[in-house]
Structure formats: structure tokens, C-alpha cells
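Shared between the two complexes below is chain A, which pairs with chain B and chain C, respectively.
Moving on, here comes the complex of A and B:
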């Protein structure tokens, strides 16, 4: 892509999110979200492949619907109460619609259906931006409005997302769809604790961004998009294959890796709020996701030679990609658990 | 504690920087030195209290025998793995030893933890290296299934444990074992208390394993390479027992009634797994099911909550750890020569390997709890305390002892005695390394006959 166009699009992406972060008026927040949607659309369609164009269309339609609902909810609230500011949503209709619209934006179940198909049509870097950067602005809004909403709705969204994210990913062989379902499951974890402790939502979001970035960058480094081709990674980059197994287990939330930190903190908060049954349900639902992460570990690392290889071995050519971001994200994904108190301080 | 923990962590750079010629020698020697240093833990400053330099890592008479067993096992694992790992590329060898060492580090921190969440995190952390050892270095295709069963059985039990621990922390304010032993038990409504009680124990019962949730164990033990089998049988199962013993302090008074079904399940498991052992054709599977049976007895001893029960449980854990690990090493020697675990394939070995027949004999005698070995001491204490709890249990435990003796004898007679088939006579003779390995297992068992106070725990 033309570097000037790329620069404009990336800076628009940054602008949109920053605008939403900085806004206290609903119209400005909506504008930031729309700028984000518009800026990422050319990035998604840059390869002019029919599949990419399809993904872009689906994404645009769902995000535009959500944005329209946000506009509608904010105008309803303004009509009813005269308030345009984000943190004063007193009308229950408006606040419920906001949460529904923001759930559509970030891909929570039961409005998650666009997520796997959209992610599947994108190349890995754009998919990374979609999974990480595009979640920041809606979360900034949802954190400010969650306290006005019926707790049952948020709990239902959370538990359903975790279960759907687990079960949906079980039958997938395409890695981008697996990562989409993983995203849905993690969003569920973030939503369930938002009414009790928004700091933990931010913690979970931050850790999720680090782990997903590590995963997407790994896939980009080994140029794989399916489980079949994942099996060739060991020959291209053996160290990457072994650390990615640990990154995937971290995504699954196994101690002593970083992915355990948000789950532990969220479970602690839920038990403090006298919701042990929900806590146990969420924890066990995470086991379902762990199964397909484990399957990826098996395909990538744990069945390499001298066992029978289940793929062809490609030529090992020198890679031209930069590996520094990948190295940083992998280190963070594996080693941040002992620093939990420090990281909790960061999110307060 | 740091005298042992830091050298173990320093084994990591040792593994990666040693020249390939000296890798196995260096790691074995260093881990033996660490094991020697760990013996200093056996001197307790008080009979019942904790010994520590800080509030986070401490040892007491319950954790010390298990810690010494763990540290002792690392050089043995490295000795045992040498033959089948050596042919591979050097970085794979280093990775393998690194996995064993990381397992060791997590285990030391688990047994030494005073904060229950620390114990939990280390308990879970041991899953990852074990999973990698089983699925990457196992030898048959079933190893993938075995790894999945292992991981998911343990996690399905331990995630409710995490929630239960967080509930306990919320009500007691702390999860330090030093403090919790003096605090009031958790007060919940009857149903909630029951579920909380179950949540606290299920993880450890799955790990031990209790008979109904034991399916992961035969798979994992059989498919794992020898070091994996050794560490699983000797130490990882004992993590479950240790956790149960620590949690029992806080679970009264509900345990009086609620333990009933689990004790019965454990005892029934001894009979069932013993009977399965009598019909096994796979040698490693036989030893694995025998582990289930022995640990069922340990579970019964712990759930009874009497001093003899606890002491018997610890003694049996240590003795079974050494004996079971010895049996796995012996089975591996057969496997390395014939590349098969089928028992009928490698029979009549006494004629060709006479010294090894002595080791087979001793290990099997230890397995069937022959006096004066500590296996008998532990089993007898547990059987006695179960009898005092209810005389009817003698039916189950007595029959279990009989069946254990039968299958141990069956294992010995099948592998050692009888006519030697022709295809056996060409097998490679035993290496000194293998003899050393087995003796390093059996000599501690025999020496423990002379000083069982080391293993009694704090109930004496």
C-alpha cells in the first residue's frame, strides 16, 4: 500500500481511539468510533481479495449498526434527561442499549457471529489491529457506563461469551477463526467483572492484548494460517515453536504464566462479591478454550520429529521480518505473573 | 531453603552452557550435590513446628520427607533418561533436562510454600513440564490422549479448588498455613459448606488419584518416558496427598461425615485396581494401577484424620514413591532392550540378568509391603486406624493386601522366573548406570527401616 495512504489510515486509527478516550460527550465518542471503523476499512480490504472485501463489508455493517445504536441511545438519553455526558446515563433504556451496542462492537456473545468470519478474511497484521486496538475505544466507553446497567445483563453476556468462545473454537482448523473465538472468550472474562472492579477489566484487556499480539506476530513470523501449516513452524524457527506452545498455554490461563493473572484476579473479585458459582462456571468454561489451545500446541511443538511428521518440511529461508516486538510480547506473555501487584497498581 | 532452591535454579544456566561432552555428568553430579544439601532439612528444630528463615517458604516435618524425596529424585531421573535421550540433538537433550529441573524447582516451591495460593500456583505449574515430557518425549501415539487426560482431569479438579481457596481467603483474611491452623473454620450455609469442602479436596483426590477419577493415571504413566513416569509416581501423586493433609486442618468438623464416601471409594479402589493388575499384560500399566491402589490407601489414611492415619500416609507416600519409581526404572530397562512393554515378551530374565533379578525381587517385595520395609509400616498403620474407625474395613484392606501381594508376585514370577525364551538370550547386559539407578532407589528404602522417625511427620 502507498506509504502516505498507510500513514493516513494508521494515524486516523490512532485519532479515533484517542478521540473516544478523551471525550465526555456522547457525540464525540461516537465520532471517534466511526473514524476507527472508516480508517480500518481500507486496511482490511487492501488486498482486494473477494474474501477480504467480504470481511470488510461484514465488519462495516456490524460496526455501523452498533454506532447507529449508540447514537440512538445517546439521543434517547439526551431527550429524556437532557444529559449528553458519558458517565451520567440515568435512563435505563439508554444504558441497556449502549451496552448492547458496545457488545456488538467488541464481539461479545450472543452478538459475536461477525467476529470469526471477519477475522478469517483478514491478513494477520490487520487481524491483530482488529483484535487489540479496536477493542480499546469501546472498552473505554463501556467502563464508564457499566455501573448504570442491570447486573444480570453483564453477567449473562460474560458467561455466554466464555462458553461460546470455548465451544465455537473447538471445531476450527483455521487459526484466525480460533483466535476470534479466543477473543470472544476473553471479552467474556473482561465483561463479567466490569461491574465490580473496572481495574480488573483493564488488567484483563491489557494482558489479553499482550498475549494476542504475541500469538498473531508468531503466526506472522511463521506465515501460517491453518493448523496444517502450523506444523511446519518447528523447521522454520525451532525456538519460536517451543515458546509459542507456552504462549498458547498462557492464553489458556495456566499458572505460572501471565495468562493466569487476570483469571485469578477476576475469580478473586467474583468470590469477594459472593458469586462463587459464577466464578466456578467461568473457570470451567475456560477449560473448553484450553482444549483447542492444547491442540495447537500439539500440532506445533509437541509432535515434532523424530516422531512422525504430519506435514511437509519447507525450505528454511532467512526471515526479513523484525522480531523485536515478537520477542518482547512473548517475554511479557510468559513472565509477568510474579509482577501482579505492580501491574495492579498500574491499572488503578 | 534458598540453599537448595538457588542451586536448582542455577542448574538452568549449567544445562545450557555445559559442553555436550559433559552435559549428563555435570547435571547428574550437581543435582546429587543438591540432593545431599537437602538432607539438612531433615533436622527439625522442633517436633511439630515450621522451620524457616522467612514467612513465605518453610519446612516442617510433613513437607521435609517429600522435599528430600523430590531432590533425591532429580539425579535419578537424569541417570535414567540418559540412554534414550542421548542419541538426539544436543538442544533437545538440554531442553529435556531443563524440563526436569523446572519440574524440580516448582516442586520445591510447592512443598515449601506456606501460603496456600503459592502452593496452588506451583501445584498447577508442575503440570506444564510434565505435559511436555509426556506428549513430546513419549513413545506411542496414545501419548497425546494421555497428555490431554492428564491436563484436563487435574485442571477440572483444581479450578474449583481455586474458587474455594479464594472463598477461604475472603473469610479468614489470609491463606498462610502458619495462621490458618489457628483460625475458625469457614461458616457457610450447610449446602454451601458441603460444596466448599468438596471443592477443597477434589483437586487433590484427582491428583492422588482416588479410584473414580483415576483414569488419567494409567494413560499418563504408561505413555510417559521413564523420567516422566518416575516423577509422576514418586512425587506428583504425593503432591495430592500433601495438599490434602494441609487442607484437612481447615476442613473440620464437616469431614467427619463427608469423608465417608471418599474413604469407601478409596478402599474399593484398592480391590479393583489390584484385580486389574492381576490381569494386565502391559508391565508399566500394572505398575501404574498398583500406584492407584497404594495411593487409595494413603487417601483413606488422610481422610480418617487420626495421628496414625497421617503418619501412615506420609510413610507410605515416601516408601511407595521410592518403590514405584524403582519399578518403573526396572520396567524401562526391559523396555529399552525389547522396545515393548508386554510382559510375556520379556520373561525368564533371571537366568541372564541375575543381579537385576535381585533388584526386581527387592522392589517387588517393597511393593507388596514386606516387613520390615517402611511400605509395611505405612500400610499397617493405615489399616489399623481404619479398623479402629470401622471394623468392617478390614475386609477391604485385608483383601487388598492379599491382592497386592498376588500381583507383585505375579510381576516378579512373570518377568524373572520360568523358562527363558530364545529371543531373550541376545539382550544387552546391564549397564553400571542402571544398577546404580536401582540401588539408589532401594538403599534409601532399606535404610529407612533403621530410622523411620525421619518420615513420621508431626503426629508422633
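Moving on, here comes the complex of A and C:
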């Protein structure tokens, strides 16, 4: 892409999220969300491939619908209560509609259907931006308004998302779709605790961003997008194959890896709030997601697939991609659990 | 509606069904919004030289209760299968089968029901004189596509060229007529066993085009048949398929993505009048590990900015 156009688009992406972070008026927040949507649309469609066009179309339609619903909710609230401030979304109709719009924006079940198709049509770097950066602005808004929203709705969204994220990812063979369902499940974990402890939502979001970035960058480094090609990465980069197995287990939430931290804290908070059934349901739903992460580990490291590459030692050749961000994210994904108290201090 | 039945009847009676009638909506007479049958009917294909079918949608209904019940049973059965096969693995097979799969036979002609998945058409739709038929070959082991080409254009004042026939697979449907696609991403080569008569055919693969609004996008490649009694094994890597739209090869090419394939087709249009025959044993896919080409054509940008 033309470097000037790329610079404008990336800076618009940054501007949109920052604008939403910095805003206390609904219109400015909505504007930030729209800037994000518009800035990422050319990045998604840059390859002019029909599947990329399909992904862009679906993404744009869903995000525009969600943005329109947000605008409608905020104007309804302003009409009913005279308040344009984000934290004063007190009208119940407005707050419910806003949560529905946010669910559509970040891909919570039951409005998650766009997520796998959209991620499947994108290249890995744009998919990474979509899964991580594009979630920040909506979460900034929902954290500020969660106390006004019906608690049952948030709980339902959370539990449904974890279950759907688990069931949906079970029979996928395309890695981007698996990561989409993983994203849906993680969003469910974040939403379930938002009404009790928004700091844990931020913690879960931060950890999710680190783990997903590690996964996407790994797939980009080994240029794999399906399970069959993932099975050959052991010959290309054996160290990466072994660390990726651990990254996937971290996504699944197993101790002693970083992914355990948000799940542990969230389950603890839910138990403290006397919600043992919801906590148990969430834990069991996480097991379903763990199954398909383990399946990826099985395909990649625990078996030697017959779909081998022609050469026996491709790991001797060096890759030209920059590996520093990948190394940083993998280290963070594997080693942050002992620092839980320090991280909790950061988010409270 | 304020427009009375007698007015409607008289309109239709006087002008007949064939002519299009503008129908004024009563509440918006001031703005004269016209609702006519034209906007509804000209979404469908109109054969050149023929008048448009101007029946209202409710005049085209053919209601049959028993067919409805059968349809419901069929669709609910398909839906149940979809739920049940998820227990086994992706596409109803265990993951280990998916990982070990190197070849797959997608279409083979072993019984009369296999012909139902295919649609054969020729230029008779536009008024030409070619004929094309399919039937099962000897011992129900192959499909025979045969007929006659005639490149005389139909005399409807619009068409200039004619003389083609095509065999295309129907889009497979899941329960409740939802579209189902093939996921051929584990493979990189199309493998067919055919017996032709020396004519040059085109193989066309089409992918999901609903969301890209390019419904005429097709990826094609040539299929040269050698006549003769011996079967021909044709292996075409998917990297060789080029993009064309409505028959015109596009400038900006890209490789065909195999994760949402809709259908495959064969086209003959070689301007040679006379009989033709193509016998197909099976159409399958294979993963040629020795083929490392990603795309056979140049991907550079034409007319780049200076």
C-alpha cells in the first residue's frame, strides 16, 4: 500500500480509539468508533480479493449498525434525561440498546456471527488489529456504563459467549476462525465480571491482547492459516512450535501460564459475589475452548503429520520477518503469572 | 386500497397481461410513485427477443401441501445431521481423517442420482440451436455429456455470437436451502478422469460471490481433450486458474481461494459446429506436494501511478 495512505489509516486507527478514550460526551465517543471503522475498512480490503471484500463488507455493515444503535441509544437518553455524559446513561431503554450495540461491536454471542467470516477473509496482521485494537474503544465505553445496565443481560451475554465460543470453535480447521471463536469466548469472560469488578475486565482484556498477539504473530511467522500447514511448523521452527503449544495452553487458561490469571481472578470474584453456578458454568465452558486449543497443540507438536515439507531442515534458513514483537509477546504470555499481585495493583 | 377491483380488472382487461401496467399507490398520488410489474420481473433472466413475464408474484404461486410436508421433513433431517456430525469432527469426519487426507473424490458418477447434482445448458436459452444432454455412461460408471453445437446466432436482433454448451454443478445446499461450500484448502490440484473427443474445453471453478457483488467471477483454465478410446487423467493445479468475469479475462488477477468453493463447470465454445462428447469418470482433488507454485500469472499492478 502507498506509505502515505498506510500512515493516514494507521494514525486514524490510533486517533479513533484515543478519541473514544478521551471523550465524556456520547457524540465524541461515537465519532471515535466511526473513525476506527472507516480507517480499518481500507486496510481490510487492500488486497482486492473477493474474500477480503466480503470480510470488509460484513465488518462494515455490522459495525455501522452497531454505531447507529449507539447513536440512537445516546440520543434517546439525551432526550429522556437531558444527559449527554457517558457515565450517566440512566434510561433503561438506552442502556439496554447500548449494550446490544456494544455486543455487536465486539462480537459477543448471540450477535457474533460476523466474527469468524470476517477474520477468515483477512490476512493475519489485519486480523490481529481487528481482534485486539478494535476491542479497546468499545470496552472503554462499556466499562463506564456497565453499572447502569441490567445485570442479567450482561451475565447472559457473558455465559452465552463463552459457550458459543467453545462450541463454535470445535470443528474448525481454519486457524483464523478458531481464533475468532477464541476471541468470542474471551469477550464473554470479560463481560461476565464487568458489573462486579471492571478492573478485572481490564486485566482480562490486557492479558487477552497479549496472548492473541502472540498467537497471530506466530502464525504470521510460520505463514500458516490452517491446521494441516500448522502441522509442518515443527520442521521450520522447532522452538516456535514448542512455545506456540504453550501459548495455546495459556489461551486455554492453564496454570502456571499467564492465561490462568484472568480466569482465576474472575472465578474468585464471581464466587465472592455468591454466584457459584455462573462460576462453574464459565469454568466448564472454558474446558470446551481448551479442547480445541489442545487439538491445535496435538496437530502441531504431539504428532508428526505426513504432510511434511520437501526439505528436512528448513529450520536452517533464517526468516526475514522481524521477530522482536513476537518474542516479547510470547515471553509475556508464558511468564506473567507470578507477577499477578503487581499487575493487580496496576489495574486497581 | 382505494383503487377498486373493478378499476384493476378493467385495466387488465383492456390492456392485457402482456403489457406492463403502472399501478398508482393511492396514498401517494400527489408524489406519483409508480409501482409496476417491471421492477419486479426484470430481476429475472429475460430471454432476448421475448416479452417479459409480467405476472404478479401471487399469480406465480403453485401450492402443494404434500410437497410442503416432504420439504419440511427433508430440511429437518438435514438440520439434525448437521448437529449430529459435529460430534465426529469437521465436516462430519474425525480430525485425523482431515489431517491425513491427501486426495478426495468430490464428484463421481455411479448412479442416476449423481446426475441430479449437475445442470446442463446450452445456447438454447437465448434461442440458439445447440443441444446438450447428459446421461450416465456404460455400466453407470461415468457421465456422458453429449450434443451438437451450432454457432448460428439466434435471430432476435440482439445476439451476435452463439454456439456453446456448459455443464455446471449445482450449489450444494444445507438445511433450509442455505448455501454450503466446499473447503478445498487442503488440496492444490484438480484431478479429473475424462475421455473427450479432442475438443478444447474450459474448466471453471466458482467461489462464493454473494458478498463481493461479483456474481460473474469465475476462475477458468483450459482442458484439452485427446479423442480416442483411452481415458485421460487431467491434473490442473489451482495456481493455474485465472480470473474472468462474464467471459472476459480480468486485468488484476489473484489466486483462487479454496475455502469457499461453490461449483465447478465445463464449457465448450470453440466455434466448431457439429457433435461433441465428453465422458467424465470422476472429479477429485489432490494435494501435490511437489507443486510449490502459488500463482502462475503476474500480480503486478497495471497502469501504476508514476
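Criterion: the second predicted complex is superposed on the first by the 334 of 348 C-alpha atoms of A that agree within 3 Å, B and C clash if a C-alpha of one lies under 4 Å from a C-alpha of the other, contacts with A are read in each partner's own complex, and residues count from 1 in each chain.
What we mean here is this: a contact is a pair of C-beta atoms (placed from the backbone, for glycine too) under 8 Å apart; a residue touches a chain by one contact, two chains touch by 3 or more.
Predicted model, so just to flag it, every value in this text is computed and none were measured.
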| query | Looking at the overlay, does A:346 come into contact with chain B only (first), chain C only (second), both, or neither? | reply | neither
| Can A:1 be said to touch chain B (first), chain C (second), both, or neither? | neither
| message | One more residue to check, A:68. First (chain B), second (chain C), both or neither? | response | neither
| task | Classify the contacts of A:242 with the two partner chains as first (chain B alone), second (chain C alone), both, or neither. | result | first
| query | A:93 contacts which: chain B (first), chain C (second), both, neither? | reply | neither
| query | Given the touch rule stated above, what does A:231 touch, chain B (first), chain C (second), both, or neither? | reply | second
| Just which bits of chain A does chain B share with chain C as contact spots? | 303, 306
| chain A - residues contacting chain C, complex | 47-51, 53-54, 57-58, 120, 170-174, 226-228, 231, 295, 299, 303, 305-307, 310
| remark: Residue positions on chain B within touch of chain A in the complex are 88, 91, 95, 106, 120-122, 124-125, 127-128, 132, 135-136, 144, 147-148, 151-152, 155-156, 159-160, 162-164, 166-167, 169-170, 199
| query | Where on chain A is chain B touching in the complex? | reply | 238, 242, 245-246, 249, 254-257, 260, 264, 267-268, 271-272, 276, 279-280, 283-284, 286-287, 290-291, 294, 298, 301-304, 306, 337
| Of all residues in chain C, which touch chain A in the complex? | 86, 89-91, 95, 98-100, 102, 183, 185-186, 207-209, 211-214, 217, 252, 254, 257, 259-260, 287, 289-290, 292
